[in-house]
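Letters A, B and C mark the chains in the order given here, with residues in each chain numbered from 1 onward.
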Amino acid sequence: MIKLLLARLGAMFAVLLAVSVLVFAMGSMIPGDLTSVIVGQEGATEEQFAKVRADLGLDKPLPVQYVRWLGNALRGDFGTSPITGRNVTADLAQQIPVSVELALLCLLFSTVLGMPAGILAAVHANRRLDVLIRSQLLIAFSVPTFVVGILVLLVGSRVAPDLFRMSFTAWSQDPAAHIRSMVMPLLTITLPITAMTMQMTRSAMLEVLGDPFIVTARASGVRLERIYYLHALRNALPPIITFIGFQFGVMLGGLIVVEQIFSLPGLGRGMLEAISTRDYPMVTATTLVFAVSFVLINALIDMLYPVLDPRQRPR
Amino acid sequence: MPSESTKPLLEVRGVQQHFHIRAAAGRPAGTLRAVDGVSLTLGAGETLGVVGESGCGKSTLARLIVGLLEPTAGSIHIDGGDIWEPGDAGRERRRNFQMVFQNPSGSMNPRRTVGASVAEPLQARGIRKTDDEVARMLTLVGLNPKMAARMPHQMSGGQQQRASIARALIANPKLVVHDEAVASLDISLQAQILNLLVELQERLGTSYVFISHDLAAVQAISHRVMVMYLGEVVETATAAVFAASPRHPYSIALRNATLLPDPVLENGRSGLVLRGDVPSPMNPPSGCRFRTRCPLAEERCAAGAPPLRDTGGGHLVACHFPDAAQRLARKSAVGTPVEALA
Amino acid sequence: MTSDQATDLPVMETTAAPAAKAWRQGFVADLLRHRGGVFGVAVMGLFVLLAIFGRLVVPYDPNVGELTSTLSGPTWQHLFGTDELGRDTLSRVIDGSRIAVIVALLSVAIAAALGVAIGVTAGYFGGKIDTVLNRSQDVLFAFPTLLLAIIIVAVLGPGLFNAVLAIAIVYTPRFARIARASALSVKTSEYLEAARLAGVTTPAILVRHMLPNVMPSVIVLAALSMSTAQLAYASLSFLGLGVSPPQADWGSMLSKARDFITIAPWLTVWPMAALVALMLAFNVLGDAIRDVMDPRHSSGARPEAAL
């Protein structure tokens, strides 16, 4: 089995490399000459242009630029943003924790709320509770995150004006205020993900509950709870876990939207700003972080799958 | 009537089709010897029946003859010319072939009218005005020309098959290969279609290669019969000779599996019955490939494959025992069925 | 007999056309008979009319504001209120439907065209071409929808057509996958062998045999994708990556409306309602089209909601 894990690890690195190439290529395609931005508009001489270009390494061929960029990136150096004048890595260091916090809390709550709800729905399948839950789900699915966000704002501005007026406060400044400022964003991003988790858990459980071995367990007189939680859940777990990988991708999109709506200084908002200001180093850096984290999480889950599901292990 | 021209219309020489199968889960890589050295000749206006179980390679042979597949070895000649000669020469020669497929509903594009499908061979040659020809062909195969406006699913299986035949013949091919062309039809329909095929052959002079697992159908319309097993030819003879005295144990077993309407002949046969499955074409038995199911198998059958020998009058047999038929008759003299090993 | 034949012949040339027309009539008739079909067609029809003729029926110019009546609530003069620049919200919502409908239709059309081209090529030619195309589609497919769209817009730059293109690129792998599956099943069909045997050239085979048999499943997927495509664009324009102001656009209207949510909630309510209404209409219509074209479908074929 170690071989399998190593093989998957190797594949992951290959994908990461390909992703880095793609991100770099994408960044180099962004129109807008970086040099002219730095040099300024008025009366720059050819020499000044050439010097800046050489400084930035833009005079070398693309593959060489890529290697330099990759080397720097691996050391954590993404250069300086010509738009903001700040060091890109420093910006990233400030933005990433915000996004990570939001992401982790979202995953935590959606799992803690979604899975039991899904199990409940599966256990009471097609009875009133399940039908009620499923009708809510349908709506939660169809509506995009930003609509949820606006609804939360609308309702929040009437129902909980304090929370509504909170703008982002860092934990280090004021923990209580920080928590309060995160409530609405968290609510917005967690609702759709919770709905998806619940739906997924419910179907996975239902599928397992329909398996013959459950029937035999019941026939042998095993207690109902034991059946549900021990046998059924264990077997439903692998697809649920892989689903988290898919969810993670969906959540990344949601993160960007939520940070925009609630003005949270996270990676998503940083990326959006970089895009609208054509900030090439920042765009590539943020895209890289997003892409890499997506690949990493999915690869980890891929590697986790054989551990969880003995049928997947090599014989 | 078969013409007695000295040069045969179709010549297949030592044709091979090997498929390389890549290794996959639970299966090592290997070579699938679908057709392993088959030779045959066919004259104009003649019908050669090819018979064998599933997996013996007859469908692959069909596609090799018409030029849908290029052989991995060997050659195919029509009127003396190699059909795989590069460039236009080869392409022109390949145009002389057509095929009628097994599944009537699958052989025509479900989204085009029957008329459009039948006209396709003509359109492919650049002929625009095809309506007259289509009507003529449809009438010839016994369909109302108005059917041309219908869609395939609006016709019965028998009608679809007739339309397929019309399509095959509309561009006047010299040879038509019928790949299990009547297998999926009712018995009564089968007889009708077989009669139609014979009629058309007499009218148009087309040669047929009629491929089937059903010996009765093959006997009904063939001038000569060829038996295949695991990619090789085991026996070839004229239809009459084959019906009266087949010489290969496999042919005998096949014939026994076909009920004869004549009770005298039926009861006079040795009771050789074939059991078991055909071995995998990826791993054929050494020596004579039939030895694993042959009741007469001896050591020399495993040691070396028997060559296809002419036992007189163009009757070719590939068996170490020239008197196999008599041996089998003796073995079952008491009348109990002799079972071939699985 | 001869007189029958003589009068039959001209009929044959024209029967191909009526056969096709009867097929279309049957489809529309089936659609209208479907419960949701009527509703979907009706609401869609309304939006399409608004999209085409909106500019003619708007009570006010959507881009011109009266600075004397900014942020005023719903009145008989301004049924949906006005925004911060005094522009009439109703007019802007109507005008925004143009963008919404056009983007949904255009992005799905482009994705379908690209997907069919890629999928049929991969399926028909097989081999290395198939592997290369498949891999590239898998890479695209693996990425989350909104993130990928944002990244593409990052490269191309914000703007209406770039947003359309981004959404189209994101959706192409789905169409390619389904087109390839259909192409594979056609490739192994006997009528295709017959066509090759008849000597039909490859381009003719692709057009006459491949495309007509691939199109039905593609059309179903297109119908089902329109609602999520519209939502994806709304998300993009909400984030500022769509059409540029002052053009009325539901997503950017909602984004602007956040600032005034306490004092002018009508600015959020109406664009959102329009968004949801169009989404429902696309949903219902899409489901109806799928039910009519493929009654044996398994449920849950819609691409996941763009978040």
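Heads up, the rule we're going with is that contacts are C-beta pairs under 8 Å (C-beta built on N, C-alpha and C of every residue); 3 or more make two chains touch, one makes a residue touch a chain.
Just so it is clear, the model here is predicted, and its values are computed rather than measured.
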item: Most distant chain from chain C, judged by the mean position of its C-alpha atoms; value: B
item: Chain nearest the overall Cα centroid; value: C
item: Centroid spacing, where centroids are CA-atom means, of chain A and chain B in whole angstrom; value: 61
item: Between chain A and chain C, centroid-to-centroid distance (C-alpha), Å; value: 27
item: Separation of mean Cα positions, chain C and chain B [Å, integer]; value: 50
item: Where chain A touches two or more other chains, by residue; value: none
item: Contact footprint of chain A on chain C as seen in their complex; value: 139, 142-147, 150-151, 153-155, 157-158, 227, 231-232, 234-235, 238-241, 251, 254-255, 257-258, 261-262, 265, 268-269, 272, 275-276, 279, 283, 304-307
item: Residues of chain C touching chain B in the complex; value: 5, 8-9, 11-13, 15-16, 19, 189-191, 193-201, 204, 208-209, 212-213
item: Touching residues on chain B, where the partner in the complex is chain C; value: 63, 66-68, 91, 94-95, 97-99, 101-103, 106-113, 115-117, 120-121, 123-125, 131-132, 134-135, 145-146, 148-149, 151, 164, 167, 171
item: Complex contact set, residues of chain A against chain C; value: 18, 26, 29-31, 141-147, 150-151, 153-154, 157, 164, 192, 249-254, 256-257, 260-261, 271-272, 274-276, 278, 283, 287, 290, 294, 298
